[in-house]
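Sending over a structure as structure tokens; questions will come in a sec.
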Amino acid sequence: MNITRRQTLAGLASTMLLPALSGTAFAQAANFRIGALNPITGSGAAYGSGMQKMILAAAEVVNAAGGAAGKKLEVFAEDDQSQPQAAVLAAKKLIDVNKVQSILGTWASGVSLAVAPLTNDANIMLMNTSGAPALSVPPANAKGLLFRFQATNDRFGRAFAEVAKKEGFKRPVTMAFNNASGIGNADGFKKAWEAQGGKVYESIVYEPNQPSYRAELQKALAAKPDVIVMGSYLADTTIILREWFQTGETTKFIMPAWAGNPDLVKALGPEVSEGIIAVDSISNEGSEAFKAYDAAYQKAMGQSGLNNVYAAMTWDMVIVLALAMEAAGPNADVPAIAKKMFEVAGPGGKPVATFAEGKEALKSGKIDYQGASSVLDFDKFGDVTPDFSVSVAEKGKIERKYVVKLSA
Amino acid sequence: MSLAIQGLTKAYGGLHVVSDVRFEVPKGALVGVIGPNGAGKSTLFSLITGFLAADAGDVAFEGRSLGRASPMERARSGMVRTFQVPREFSHLTVRENLMAAAPGQAGERLIDAFFRFGTVKAQEKEIAAKVEETIAFLRLAKVADVPAGRLSGGQKKLVELGRALMTGARMILLDEPFAGVNPVLIEELSVRIRELNERGIGFLIIEHDLPALNKLVSTLHVMDRGELIASGTPAEVLANPRVRDAYLGGAAA
Amino acid sequence: MSGFLELAISGLMSGLVIGLAALALTLVFGVARFANAATGDFMTIGAYAAVFGFTATGSIVIGGLLGLFIGAVSGVISYFLVFRVLEGRPSVSALLASIGVGFIIRSVLGVIYGHGQQVFQLPLVRPWRYFDVRIQPNDLKIGATALLALLVVFLVLHATPIGRRMRAVADDPMLARVSGIAPRKVMFALWAMSGAVAALAGVLLGIRTVIWPEMGWEMLIPVFAAAVLGGIGHPVGAVLAGVILGVVQEIATPYVGFTYKLALAFIILLVVLLVRPKGLFGRVEGVR
Amino acid sequence: MDAYLIAIAIITAIYVLMALGLNLQYGLTGLVNFGVVGFFCVGAYTTAILSQKGVPQYITFPLAALLAMAFAWPLGLVSIRLREDYFAIVSLGFSEVVRLVATSEGWLTQGVQGIPGIPKMFGTFSGTTQALAVLGLLVVFNLVAIAAMLRIVRSPFGRMIEAIRDNEEAVKALGKDPAGFKIQVLVLGSALTGLAGAAYAHYIGFISPEQFIPLITFQIWMAIIMGGVGRISGALVGAIILMVFLEGSRFLRDVMPFISEVAMASVRLGVVGLALVLFTMYRPQGLMGDFTRK
């Protein structure tokens, strides 16, 4: 029995030693170290692996082009488990053990909000794909080191309102998953819709993981809506739409594309899914940058890059970062690089689509990186205003119909 | 009159486990209750001590009706039970088992345990002295610092008796004190019980082991299928044909 | 009024699922005397097995039976590997071990299937209308299946020798051991039955919702609540309490707020326990 | 490097505080509290909400503990007399209700958006100094808690709660009411948990309802089961082992990059489950041995 204790203690000791080992082994001064902190497990698990692989792939591309500002990029990957506490420890490890100079790819708003104080303290950048409005302003964005590659929940809501107007809906109701993103989308819609003089006839908030959503659905339908605007995820949307179909009602749905995706259409079948409108921040698909990303994604994940809008964002994070490094020069510190982020992606320069191209063009003047995820013009909060695609499910296929552009 | 049992009745789904049992235990008496398996003896005990609520009837202890008093209130009034399967505090030592039983300890209040250190200490000393006495009386000195869970069945019964004594009970209800106990210890236990009885503590004992009980008690009550079927001195009761029929049944035939 | 009735029907459906799972929980509790927190994960196993069978054969009946079978097998295996060893220990030990068993099950399912959702690709149909009340044909089938399963379970419990032994052990484990009922055999049957019933609850839940590794675990609190509410160890009570919970939740939440649905189950439970500490149907247990 | 170890030590110290509370409740008294995270949540939100209104931390910390106690007391009053497994379910349900209230009552808790920017402890310091100060404070909390536990264990109160754990009916038979003792223990243990919640909120700096899921409760249970039920050293050792389990897998990845992250997460869950099963089966007394006190 004593053996058990001794073995455990030995295991404990070796775990304590490991960080020391990895710390010394990887700390090479010539490299720029990046922490890839992604939701490999937990609620963001569907996207996390792809996001992480694209950070690795983009770093390879940058390194293959000779690195940025004379430095190679080195990536340290961690799982944030879509959970603040796990993310904080992972971020601490990245910052203190791996000495990373930027953290890329946090996804859940809670995770980004919890990690931001740490990156601010360390004077390094945090690039995220979260929706929470709080990330735009202090205390989270106290030093201008936060960059958000995703549209805020508010912008999503505005896009929903644009779509609802364009489709001619008159009596919308909202149904929102009870978390920051779900409610953010629904509230964003409500705000934008009411600003246009419309009225939202009912706002339902529901808890996840229920055996049935019929009570919620019945209350929503009682308002006689012509469209239900959803702030939802895949699983709950699947259940709600099945139940909705079985009520015999013929309402339309507008939802974010992380819910209204091919998996949903497949789960529901063509009859039920017919006419679902899915809205997504658009990946910049026609662009050269997207082609490069798509090829890398195909290679790493075996499927089209269109399936993971966040992976396109993490791809862009690395490229923009590398370009900003290049523009800031070899001796710049991280805040100086952060300032260049606005410049290399902002309007007014020569449009470029890859790192190599940008590196070359920087020699002769300003550039404007047109990203794979969006054109990437950061506003003063470090937020982007991507365009939105509107897709409609028809005969078992969900396909893009048109694009909505928001004014910044 | 020390203990008066007045028509206790308990039924589960129509089945009467105890029905209208009534008898009295005089002050300082040594009384036994016998009966075959399932006669309702243990249920009767639980009814008397308040661990089960009676459907009808009442218990009076030293002239006061106990009504719906809780087990704790009944124990505090001076009537303490033991259990058929010993319920020792298995991780506490024998000494601690007995210490825990002492009533009215200031140190059992959190505030006092933290802040009235002197008072608590003095009281602990007092209780410890009484515990040593009890341990000596029950011949438990050798195992005083052994966790009670490691004792033999007989020793555990002694610990339970010791705890009952520590509460200062005037009436002790023993639930099969001799069951699973070796003959030497049974003799030992009988001697202790008699000594205690001589000091004025009343006993009500449920027992299966007739010979041991016969020698011990002055009065015997016999239960069968929830009913009291005979009462009297051991000799009278054993001569009763109904008892021989119900209880001794096959053995007598 | 028709809306009210529809909600009641919907609650009944959810309630049957909860009630079946609570039945699985309470069966084990009655005999093995601990709350098996892996019950939810047996549901999940059943649902995955059923979806596998359904996809392979195209028949929901075959898929469902496969789910039941695998659920029963999982129950028996977990008994032989874990819970048999823990017999006679404090019930909390077994409860904690069952939480561990649940983790292991979810881990294995996660490795095999990943964390994405799976669905039964069953045709959905528009409802029938009777006096303005919408009746969904799928509900009728699910309800009938659940009722049939309950009938089978109660027949087994009350009309077969092994069922009578189960009840005897549940009533008094000590007595049953003394009177020579082989507990091994009884335990085998019991865990198989509990696993199968949980798996059925999982299959029905899977048909109504989506299948993912945490689906059963997420249902655990209402299931626990139903089992306790019904008087733990009381099969009829568990089912009725599940149905009552389902219906009350569905009918009342539009008034108290949808986000408090789970809280409502808890509050019902607490109120009932305050009035009847042994649950709605539980017997008072004496001190032996 | 150091800062990371300090961070782990801080989280571990927070877990130790909760494990000490649960050890008092379950290890010493046999109270099956499955609602640990509920009190943790109450503590965290109390300090977060008050801090936002500018109340200084030396006031919010005691209030966090007090409010956790104030929640524990009525819960104890209504449910402590229930059977142990019923109490387990009721306490689990309680913690879920607390989480739902935090989710739904946005006017108080900012709902699903969570409360960001909770001020740090020792905000006047920075870097390693600040982290060490936080760790120091938590060590002091733990030492005080351990000293209090030792005092309790050696007192007649401690003797009585252990008697209750060993056999509640026998305690009743001696004329003492177990319920009163158990309520006190529930309240006292919750104070520690509430304090842990306050420390957590100020350390992480951002709290939202989704951080207060029952998984936290089960982690604390694992800690005391692995460390040793009823032993004060068990709470400490258990919390450390738990942290090694949770954090160790990160470094496993650095040395074994061939395991995919997704599989790793499932494997991690499975290993924790397996540990729980094996410990309860083969070493129920935990690593530090059985209920041996003093």
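Read from first to last, the chains carry the letters A, B, C and D; within each, the first residue is number 1.
Convention: contacts are C-beta pairs under 8 Å (C-beta built on N, C-alpha and C of every residue); 3 or more make two chains touch, one makes a residue touch a chain.
Chain-to-protein mapping (UniProt): A = Amino acid ABC transporter substrate-binding protein; B = ABC transporter ATP-binding protein; C, D = Branched-chain amino acid ABC transporter permease.
As the structure is a computational prediction, the values presented were derived from the model and not from experiment.
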Most centrally placed chain, judged by C-alpha centres: D
For the pairs A-D and A-C, output the one whose chains share more C-beta pairs in contact. A-D
On a C-alpha centroid basis, what's the spacing between subunit A and subunit D, in Å? 33
Separation of the C-alpha centres, subunit B versus subunit D, in whole Å, is 41
Can you work out the whole-Å distance between the CA centroids of subunit B and subunit C? 43
Using the touch rule from the top of the page, what residues of subunit B touch 2 or more other chains? 51, 83
Could you check subunit D for residues that touch two or more other chains and list them? 100, 103-104, 169, 262, 265-266
Contacts with two or more other chains occur in subunit A at residues 41, 45, 178, 207
What part of subunit D is in contact with subunit B in the complex they form? 148, 151-152, 155-160, 162-163, 165-167, 169-177, 181, 184, 188, 230, 290-291
Subunit A residues touching subunit D in their complex are 1, 4-5, 8, 11-12, 15-16, 18-20, 22-23, 40-41, 45, 48-49, 52, 77-79, 81, 83-86, 88-90, 92-93, 95-97, 109-110, 113-114, 117, 121, 132, 134, 138-140, 178-180, 182-183, 207
Which of the residues in subunit B end up touching subunit D in this complex? 49, 51, 70-76, 80-83, 87-92, 96-97, 99-101, 103, 105-110, 113-114, 120, 124, 149, 160, 163-164, 167
Where on subunit D does subunit C make contact in their complex? 26, 32, 78-79, 81-86, 88-90, 92-94, 96-97, 100-101, 103-104, 169, 218, 221, 225, 262-263, 265-267, 269-277, 280-281, 284
Interface residues, subunit D side, partner subunit A - complex: 1-5, 7-8, 11, 100, 103-104, 111-114, 116-117, 120, 126-127, 200, 204-208, 210-211, 240-241, 244, 246-248, 250-251, 253-255, 260-262, 264-266, 283, 287
